[in-house]
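Here the chain labels run A, B, C and D in written order, and each chain numbers its own residues starting at 1.
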């Protein structure tokens, strides 16, 4: 059994981790920390876990996380970078669901996240946890930077084209729509039900923190910088991301075949038949990314539709997938749920 | 492996059965029928099942259901009563998710359902599939009448009081609220998104078909007729039923303790601490019923809150629970999902 | 022109007041106060008001409210009771949308609201602003206590029965469902979109502040105390209250006719044909209350369905109706909007 | 008073027309037709209109529409083209809310709409009813082709750039999101609440009928053909369209100033401050289009955000705006409602 600790378990990625790990046959949940809720039973805060999780939240200083085999950080940005070193030194493997280790260029990270990085050396070591790109490195990693939700949907949707070098790289467009759980479980006015329901809006158009992360991933695949316009939107649903991706063809290919080959054997990427229109609910509460290709009117613009559940493949599910890889388990363990529809 | 067939798989109870059975370790899905969709891959209609269910819908006449061990009817009312006899004669065990075998009094059934019953003898044989009441009979049943969604929530909420004989029986009130999936996957105007969203209304106040079913169950426990006012409402959510139940105390009891004892050992009934207020999402996509007791202002009116997922404990989950019992399996097999929250 | 000031305009009742008053032909908006947002243009916070309201929020101390003819308090409980006296002394007429002046029994108010009342004498003077009960007193009032949202729906639904003395008074039940805007525009976790959407729950079952207010209104009509069980629920919609009211008949009447007569001539109460089932959207963004009567199965329990928009007839609309009465205007001025459907 | 008839009043554009016209001070509603609902009181189908509209639906053959001054067609495509001629000959002015007269090129129309056009000569005469482009022609028109919802949002968002000739014309992108009421009030499975709620998807990616309409409008402004990729999406809200528009700059301009000048004096176009992010609810139930400009990262891609209410400015509101122009009324008559927020 893998002894697992979770740092910061009161948010949506925390409760989603608990949902997935509570029935993972190879995991023993050791501790889940929360400064504010120490002493509260986890199942009192999240009644969905009654009878499934018997732990109480503990104060971080009482958590003995260094006795775990794996620790997940489901914390705000800036926490894991302060605590990861000690855990790694104690032989614990660490998966950060926040952004602390995602961006290799420290200056870029510091600009977008507005703080000084506390552990630049660990950034260099950390493996970006997108298994469809870095599977072998993840298996050996001590420290995994779990990707952001938009970056997961956008990269999985665009990478085959970038890797094949068949689209224009300077004017890519990612028009993305996220369910409101993507904003986290924070008491903020703009994500109140009466504000976000029956409403649709763009946000972060001037610059969203996931932009440099997507760019980094695409640039790595392209071997050069790419130009990307990324516009996120808030849509009135709880879970789900729908990325609508636009790229201009520079060299003809059988694009459908390109995607099918690229993702052949990938357990969590489903290339749908050409001209499909995946809906986000088709992946609700599951770790699957579904992708479909379009070439409207036979023009030179490809439209790629990519959907994930932002809390599962976009966060906690992918983190468990990474843990499975790091510990030599079947990659799909505890992740084979059928999506919940309707 | 239990060979399973499903009659009528294009509705919400059908797709929910498929979600649960697709990963049932003791089940082999043999056939799923649909007159209108014969030849269509199930996963083309419900992309959530891509990679999980490889069957195509078949025409009922081509389905060879008599070679199955168990057949579920996820059909409109009036179908199972015509087809069950032949299957039972062939040694198949039958679970009807519709209402054909729920009401013991044929005249009452015919009045409420507006048709002549085709198999009154089977009504007599059928076991009402509420395991919390009829577990032993279900184990031995050839034919199970799976309860309705409102009746499941209302009976589980009221039975301990009725059985204990401590409330007034002539003026019970069940004010129930259902998500829209309870109306089925039918192309009807009143359940369109633009009609049912951001809206709330009562329906069937003059008389809903679940009324005689609830009354029958309560009367059986009381040993006499009961008076019940049942008002169902449509609430803008997909899944979930919330029953708010009112009963007047005629004999004092430790009601909390009464419920805890009544449901001790029940794997799918969670009696919450007194004064809890369960939300429907705490059971979303799971087979659990959560119940909480209130005695507002210390008066003589008890308020019982009972929540289920109408498609799981209220339909397909309970049907699988019944199948597990009928075939001597662990009752919880394939039903231990953690609810999806948020 | 009536010079109007609004104290506390950043919540939902504030913005609804602005929506209604911005096009009131007899109103000149003079000032709208907010401690936290002083200096912000109202239309920057609520872009729906761009081009309609040119005011900025001002700090209360700079507002010169005593130069107004009428001041609305759209503040939390406990504010108006401190400021009303000075305004009244300056000749301003005051309408409080909070609860400070609703409960005549000071001890009861202090128990439920958890504070010492600052102006008991004004409570005695204040007129409870339910025009269907107190129209003539409102016309002459200096100070109006605008009713709560649940109390408006519940009282309008039950009063004809109580006044006629034809139902049992000790076991009335009000099972009420509210849209989430009823909880206000406060940054609280439980009303986040990802918490309140696709979910349904009861709250305040042990005791909600609107209980004594409803009881007071019913008792006044009955001429004696009444017994009422009141269970409020949160339903995933923005606006609307649906009250499902249960009363036991003690004397037969033509109840439909009773309601029609009681509300004949009332511009904002619509008694629908018997057995109607009003949906909340039929009054969305309008000042109308629609009521329908049922007698399920011909039994002795009457079911009354009463719907309002909690922000309009349940708050700001009724406040404007009261202002119209207080200033001798046509009661419907600026309130004749057709509900928004779908 | 303008005598008005409506052909086909049972859909969402019909009931929205009724909402707006019921309180238009210069309009007398004469007749509203429906084949299926003849004899039904309009307010029985749409209780929001109780007390506001006393008409019954009449069969088209009994409607005496030729005695009207103006007739609106709120019908499916293909009806108005058969009936408009007779009405025009009788001196009636006609506004078609469907697509029959929107596309000037008959062959293009017939290809996209899959039928033979019944009145090509009227297409030539019809004025495209986008007042911000064709105001003077609309004033004199006998026959107005009311624009589609997506075309209204997309054209108002892109026209200033096209007219100024400062963006690349071959690779425009319109990524548009619509509320579900845009699909109409039709009993179809895919727009059921339980299908469309908590879900997001693209549709019509291969080609949507509004594509040629948008292209025609942009080409007219450009003086040449334009290349446009148009991807519509269904978002779980009732009303609203959000168009996210991408264009590459070919000549620098003060774009903010360009838009402000283009729409100076337009009563229903609100150019917001640069970098605003309009939400659809800021125009809910109103005739306003709000537009905001972005230039992410200072790159060469302009992002224009354009929001409307699809049923008001995108359909019935614009139709009333056109009627006001055609009859010499103040363009804003009956259209000055403040948007409903929240």
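Observations
By our rule, a contact is a pair of C-beta atoms (placed from the backbone, for glycine too) under 8 Å apart; a residue touches a chain by one contact, two chains touch by 3 or more.
Predicted model, so just to flag it, every value in this text is computed and none were measured.
Of the pairs listed in B-D, C-D or B-C, the one whose interface repeats that of A-B, with over half of its contact pairs matching by residue number, is C-D.
Each chain's centre was taken as the mean of its CA atoms, and the one lying most distant from chain B is D. A count of C-beta contacts for the chain pairs A-D and C-D puts A-D on top.
Averaging C-alpha coordinates per chain places the centre of chain A 45 Å away from that of chain C. Chain geometry summary: the mean Cα position of chain A and that of chain D are 39 Å apart.
For this pair, chain C with chain D, the centres built from the Cα atoms lie 36 Å apart. With touch defined as above, residues shared between interfaces to two or more other chains in chain C number as follows: 12, 179, 181, 185, 194-195, 197-198, 236-239, 278-279, 281, 284, 342. Residues of chain D that touch chain A in their complex: 171, 173, 175, 177, 179, 194-195, 197-203, 205-207, 211, 227, 229-231, 233, 235-240, 242, 244, 246, 248, 275, 277-281, 284, 294, 296-297, 299, 301, 303, 305, 307, 342.
Touching chain A in their complex are the following residues of chain B: 12, 15, 18-19, 22-23, 46-52, 181, 185, 197-198, 238-239, 270, 272, 276, 278-279, 281-286, 290, 311, 336-342. Looking at the complex, you find that chain C touches chain A at residues 12, 179-181, 183, 185-189, 191-198, 236-238.
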